[in-house]
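Working notes, beginning with the structure itself.
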Amino acid sequence: MKVLVLNGPNLQLLGLRKPEIYGRETLQDLCDRLVPVAEELDIVLECRQTNGEGQMVDWIGASAGMFDGLVINAAAYTHTSVAIRDANEAVGLPTVEVHISNIHAREEFRHTSLIAPVCLGQICGLGTSGYEWALRALARHLTA
Amino acid sequence: MKVLVLNGPNLQLLGLRKPEIYGRETLQDLCDRLVPVAEELDIVLECRQTNGEGQMVDWIGASAGMFDGLVINAAAYTHTSVAIRDANEAVGLPTVEVHISNIHAREEFRHTSLIAPVCLGQICGLGTSGYEWALRALARHLTA
Amino acid sequence: MKVLVLNGPNLQLLGLRKPEIYGRETLQDLCDRLVPVAEELDIVLECRQTNGEGQMVDWIGASAGMFDGLVINAAAYTHTSVAIRDANEAVGLPTVEVHISNIHAREEFRHTSLIAPVCLGQICGLGTSGYEWALRALARHLTA
Amino acid sequence: MKVLVLNGPNLQLLGLRKPEIYGRETLQDLCDRLVPVAEELDIVLECRQTNGEGQMVDWIGASAGMFDGLVINAAAYTHTSVAIRDANEAVGLPTVEVHISNIHAREEFRHTSLIAPVCLGQICGLGTSGYEWALRALARHLTA
Amino acid sequence: MKVLVLNGPNLQLLGLRKPEIYGRETLQDLCDRLVPVAEELDIVLECRQTNGEGQMVDWIGASAGMFDGLVINAAAYTHTSVAIRDANEAVGLPTVEVHISNIHAREEFRHTSLIAPVCLGQICGLGTSGYEWALRALARHLTA
Amino acid sequence: MKVLVLNGPNLQLLGLRKPEIYGRETLQDLCDRLVPVAEELDIVLECRQTNGEGQMVDWIGASAGMFDGLVINAAAYTHTSVAIRDANEAVGLPTVEVHISNIHAREEFRHTSLIAPVCLGQICGLGTSGYEWALRALARHLTA
Amino acid sequence: MKVLVLNGPNLQLLGLRKPEIYGRETLQDLCDRLVPVAEELDIVLECRQTNGEGQMVDWIGASAGMFDGLVINAAAYTHTSVAIRDANEAVGLPTVEVHISNIHAREEFRHTSLIAPVCLGQICGLGTSGYEWALRALARHLTA
Amino acid sequence: MKVLVLNGPNLQLLGLRKPEIYGRETLQDLCDRLVPVAEELDIVLECRQTNGEGQMVDWIGASAGMFDGLVINAAAYTHTSVAIRDANEAVGLPTVEVHISNIHAREEFRHTSLIAPVCLGQICGLGTSGYEWALRALARHLTA
Amino acid sequence: MKVLVLNGPNLQLLGLRKPEIYGRETLQDLCDRLVPVAEELDIVLECRQTNGEGQMVDWIGASAGMFDGLVINAAAYTHTSVAIRDANEAVGLPTVEVHISNIHAREEFRHTSLIAPVCLGQICGLGTSGYEWALRALARHLTA
Amino acid sequence: MKVLVLNGPNLQLLGLRKPEIYGRETLQDLCDRLVPVAEELDIVLECRQTNGEGQMVDWIGASAGMFDGLVINAAAYTHTSVAIRDANEAVGLPTVEVHISNIHAREEFRHTSLIAPVCLGQICGLGTSGYEWALRALARHLTA
Amino acid sequence: MKVLVLNGPNLQLLGLRKPEIYGRETLQDLCDRLVPVAEELDIVLECRQTNGEGQMVDWIGASAGMFDGLVINAAAYTHTSVAIRDANEAVGLPTVEVHISNIHAREEFRHTSLIAPVCLGQICGLGTSGYEWALRALARHLTA
Amino acid sequence: MKVLVLNGPNLQLLGLRKPEIYGRETLQDLCDRLVPVAEELDIVLECRQTNGEGQMVDWIGASAGMFDGLVINAAAYTHTSVAIRDANEAVGLPTVEVHISNIHAREEFRHTSLIAPVCLGQICGLGTSGYEWALRALARHLTA
């Protein structure tokens, strides 16, 4: 099983900025912490980050045939990007959406995800651990 | 650690009705399947179901001092109950909201959760496994 | 054929309060008046009333296998209860929604029924006779 | 007692088009099937259809003094015609609104009836039988 | 100067129905009462009524070159007809919109006129006298 | 008969500013032009202008017993002042609302009048002549 | 005079939870503090609390003939319960709505009360003293 | 303790106009009736009325240091005045908002108070007695 | 192949009125210009215009079995007619919607087409040439 | 060049109240600090403040011919006053709107300015320095 | 004549994914199929695709002087990109908007095009043939 | 002090396209004109432009530690980019938002800035001079 973990805009700042909302782990820490989980689950993991909506669309579009599932934290693009939604729907890979913070407890424009309707499900507010649960959920889904 | 798992209206029908959305497990199966996970995590688990909004409010109100955390699937009341939200906020226990189906992919009135803003986070669309991730997330939160 | 007639909040006051809107018949009168109609249609009738949303959900959830059809006047819960809608949809029994008054001629919040989309149809504004037409419609549907 | 049954736009296609929604009866069948019911109720029946909003307004405006009650299925005009509503309100005859399909289970713009607030009540979703219940309800109302 | 006075749906019932809103004058009375005013103003008057939206559009479309101005009481079509608005805008004749009742004091859907933005102005709530003021205003405008 | 003509904010600039919308007559010209009309109608006229919402409320509140009717052009306050509406409703004098320009053809926030629902009617878009038709309408109303 | 004081969901937690919003008095303290006021006003007082919407509807429905007036703090149900509103309207007893906190200064969904329109009036934000003013207002109303 | 009682637009007409809504007491009667209450509470009372929004803003702005609390019935300005809200918030005196009628039972635009969020609380629908409860509540607040 | 080209309200004025929006071709010119295109495509063409919504519904309803496809420019009815939409959906002929002007660049109420969702597609803003592309598209669709 | 600086409601409290939002400078300090800037720019400055909407309208209406430009901080009236907008538009002087605080970061009702569309531009959130930039911008505009 | 055909996000997947909506042609096939049409029309064609909003803005911004017209299928960016709209408006080249599927028959958020108002017109729902009609329309426009 | 001036989509066209809205200065002219101002203020200035949302997010994310403040004209992204807002909020540098045109006087979708709430303030409508005032405001803020 191969899984692509996609991180969207400003997540390169994780752990460096606003730790009271996103925690002190950096994105590298987060990815490193996922490695043993992936190994336990027999998953080959690839972790990427970009601030570009088009780059995310490129990567998702190219993931078909290369990966078996996706974990996506589209960050700000969650609420504004029809393009990422369309990419996700087009490739049709099972996807779990993750948000580190509880988006439903923040500004109203963060309550709506354009991407959630084309994913398996959504995990939010459980900190960087959410990526682990997403990975485990994806593994269980792919082996069901 | 003691955790109360609360299930709201119509979840007594789980596995018996509409399995294409909620799967074939019954609520009893679901609770049984959580037992070894709880044991692994050193959690004393209690699993309840009710169709009554008032009953849910009673149970949450009485959970302070009796439990260390809550897993709540308020089902239909998720979208209509200010009373459950207020109960949850009042007792202040760490809570993970769970939905078996992906509420963001169903009717628009199911996209909004009145309860999510007063929870740690929300897991939806990952089937009955969502309860397990919620339990694990709660355990990690309580021991952090 | 067995049919359950469910009456929601404040219908216990029927005939006792606001007769200019609901008529002077009591709920008991209404049920009694349905008996010969049910007999004519070879229907075994059961008539219940409750002010509790959870109780309505309980009864609907338990109606599968026990009844062949439902007549529901959810009264105020018509406009606010996703739980009753879900119960109805889950058990999947043919249901006719009845309202004694013309809900479309009253306050705007009474114009929308959360329950109607999961029923066969809706009858409103025809007084307590609406229950009779609902029963006849259900019988015709069940024997079609 | 004389009753005018008015059918609006596209109902001339009844039974010929989209039978999965409206059934296989033609409008003529429907009217024929109402005849014995009308006789049983001592009602002189007149059944008309038009695709013209203005024609419907003409007929309703001319019905005062000629008829004792109306059964109206305004079809698409239900949701857009203030003119039919005004005609109905102006002549003041007791009217029952009928829809063959359950308008509350279709597109959102079909959930609102501009005409319902000036009728006795509304019957929808009970197929072409709805006309019969409307006729019976009107007879009971007129002889009450 | 030639002026066409157009009356829309249900105005044929004027004086016969709901006199508490529209007064006891019939449409014929109203037109007769306008004759001496027209004569005083040197206006050749033509007074028409129809319940058909398409008929109104026909008449307005044909009025260019035949009339110098229009007085329109589109009644219910005021709030729903883009077609009449377009006809009016296309022929470009100076037009005064009239309503017998005060539309701003009735149901909210009567507060908006689709036609007003393409007229010189609007007179409402002044009873059938409104037609006279409209005629005088039109005369003054045409001779300015 | 005594009639008070009230003019609201910025109408002191009439004829001096933006003549393409309001014409070239000054407010004084307008009032002077009303004098012979008032005389013809046996009306004692008083013409006032203020930029103050409170001043308008004062004058309307004091008009009961002093005047038989009001002509009000509340200008910008038309769309924002509940206070003027309440004053008008409280004193209960027959009132005609006037606007020089066609408010329905301007910005959307000018389409709604808070004052219209408590007036006899509204005249707009007929230039400063609207005051004359308002006066004539008021006279006819008061002598009916 | 007999007055029923009804307290809705989560008010059993009063004084125990979130004292910064609701104060430190328990519900029992609150009721005890009302006793001498009731005695001064010659009122026989009964104080009840429930988390159940249906229970509130039951109690209000049964209050006719048993009580002369109601003081209701419906808490969360204030904003969601058409059933309690209908119960209140049906029994027709004079009612004063009370809220301990200033609901207009909290989340937007708390600004609207479905119950207020069928009460005499509303008191909010004056802490638990609001019950005393409500009782005094009710007494003055009943003896007026 | 010094308390300023501020009355907004049209309240000078109290008892003179629309007594079915506001009662037959004049504003002078109301103020006179508050005097013994104030004396009982050791409050020096000042009662003012104005129709001017700016005047209300002036008075509130100048009240800091001169008064210990405010009772404000802003009448129509309640629903439209950000300026009064800002004044109130700026001076920061404890304030109780009063409305004689039940604003929640009147037109929808009266249901929202721009001022309530910056007050201690709101009393409405209890007639002119509301001022007395406001005064008592303010006294209790100031001496708590 | 037989194709019916339907033109709605005010299109009889084409080329005669507002040429800056619709061009200088008359409707007859437009139809004449389509003839050689139809011949090239082996299409028997019929071109009709009406200002009547009911007439359009009649024609569409009667087109089944008589025509193989429709080109519809419903003009103003595009934005208001559920009846035409229903007719189109009922007969189920492949239809291309045409607008001469760019409806998305005009008033907001012209941006929504009730008819588009039941058509193959929509062409707008390309002038009277749009009819030609529609015909070609229909031919290609019918021969695919 | 003569410039009028207009300050709206509650700005007389500047520096005295809520300094965390508006700073500690008084309005007098602010005006004094503008004097050398005005001198540098060869501007004759006049600085006024009022709490009255009507007074602001009076001053703006009278500014034509007396001043070459305006700097307006309408404070609370920014969001509610069509009258000030109309005054500004009528006199047509180049105007810069200033707000001391960042209105876009405060309550949602402060995000919309009715006045901005008729000004050159808007400066907000830059503290009392905003007046200086406004003055400099106006000078540059007037001398361009 | 030189025409640039711009394709937006996910169109690189055309023919590879979701063929039931977009057909089986690849983007390369589509461009190849346009070549003979372009030759027939004497158009030099350039066909590009990108997933990047910024890249589309770059290309449109650079098209002035290089091309005579544009055909744009902005796909998902159609509904979210003000930047592309601004680019299009800025360069001012005649543009035809194309969508392969009927966007008006899909999710509501696809019904609105931010780009359409600054284009000549829009073609949607006619499959990949839409590009051909767009090219022909552009040629006719450029040679008119 | 180091300040980064960021320019968003289509600003590379400044002075080349639509000079009636944005003036005739090119972006290079604008930056050149800022140099002496920056020198006067002892600011090291860097001026960049991109059409890419992701590129803007990259630059802002990397600005922490490298710059002391930001001047941002996000152009079209102002109204659609949550990502830029999040970047700005994350790095926490004092920022002044600039718009060359008066966005409040253009289309309604340009009235809302997603970025303004996380900036010090906003300057709009003052042409390219707005950048200078922004720079001066930033300098004053940083040295305060």
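In this document, chain identifiers A, B, C, D, E, F, G, H, I, J, K and L correspond to the written order of the chains, with residue numbering beginning at 1 in each.
Please note the rule applied: a residue touches a chain if its C-beta (ideal position, glycine included) is under 8 Å from a C-beta of that chain, and two chains touch if they have at least 3 such contacts.
Owing to the predicted nature of the structure, the values given are computational and were not obtained by experimental measurement.
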Listing by label each chain that touches chain E and chain F gives none
Which chains make contact with chain E and with chain I at once?
D
For chain G and chain H, what's the span in angstrom between their mean Cα positions?
23
Could you work out how far the Cα centre of chain B sits from that of chain J, in whole Å?
54
Separation of the C-alpha centres, chain B versus chain E, in whole Å, is 63
Two or more other chains in contact with one residue: find those residues in chain G.
52-55, 80
Contacting chain pairs - touch in the sense defined above:
A-B, A-K, A-L, B-C, B-G, C-D, C-G, D-E, D-I, E-F, E-I, F-H, F-J, G-H, H-J, I-K, J-L, K-L
Over in the complex, which chain K residues touch chain I? Could you list them?
96, 102, 104-105, 111-113, 116-126, 129-130, 133, 136-137, 140-141
Going by the contact rule at the top, pick out the chain F residues touching chain H in the complex.
52-55, 57-58, 61, 64, 80-83, 85-87, 89-92, 114
Listed in rising order, the residues of chain I that touch chain E in the complex are 8-10, 12-13, 17-18, 50-55, 75-77, 79-80, 109-110
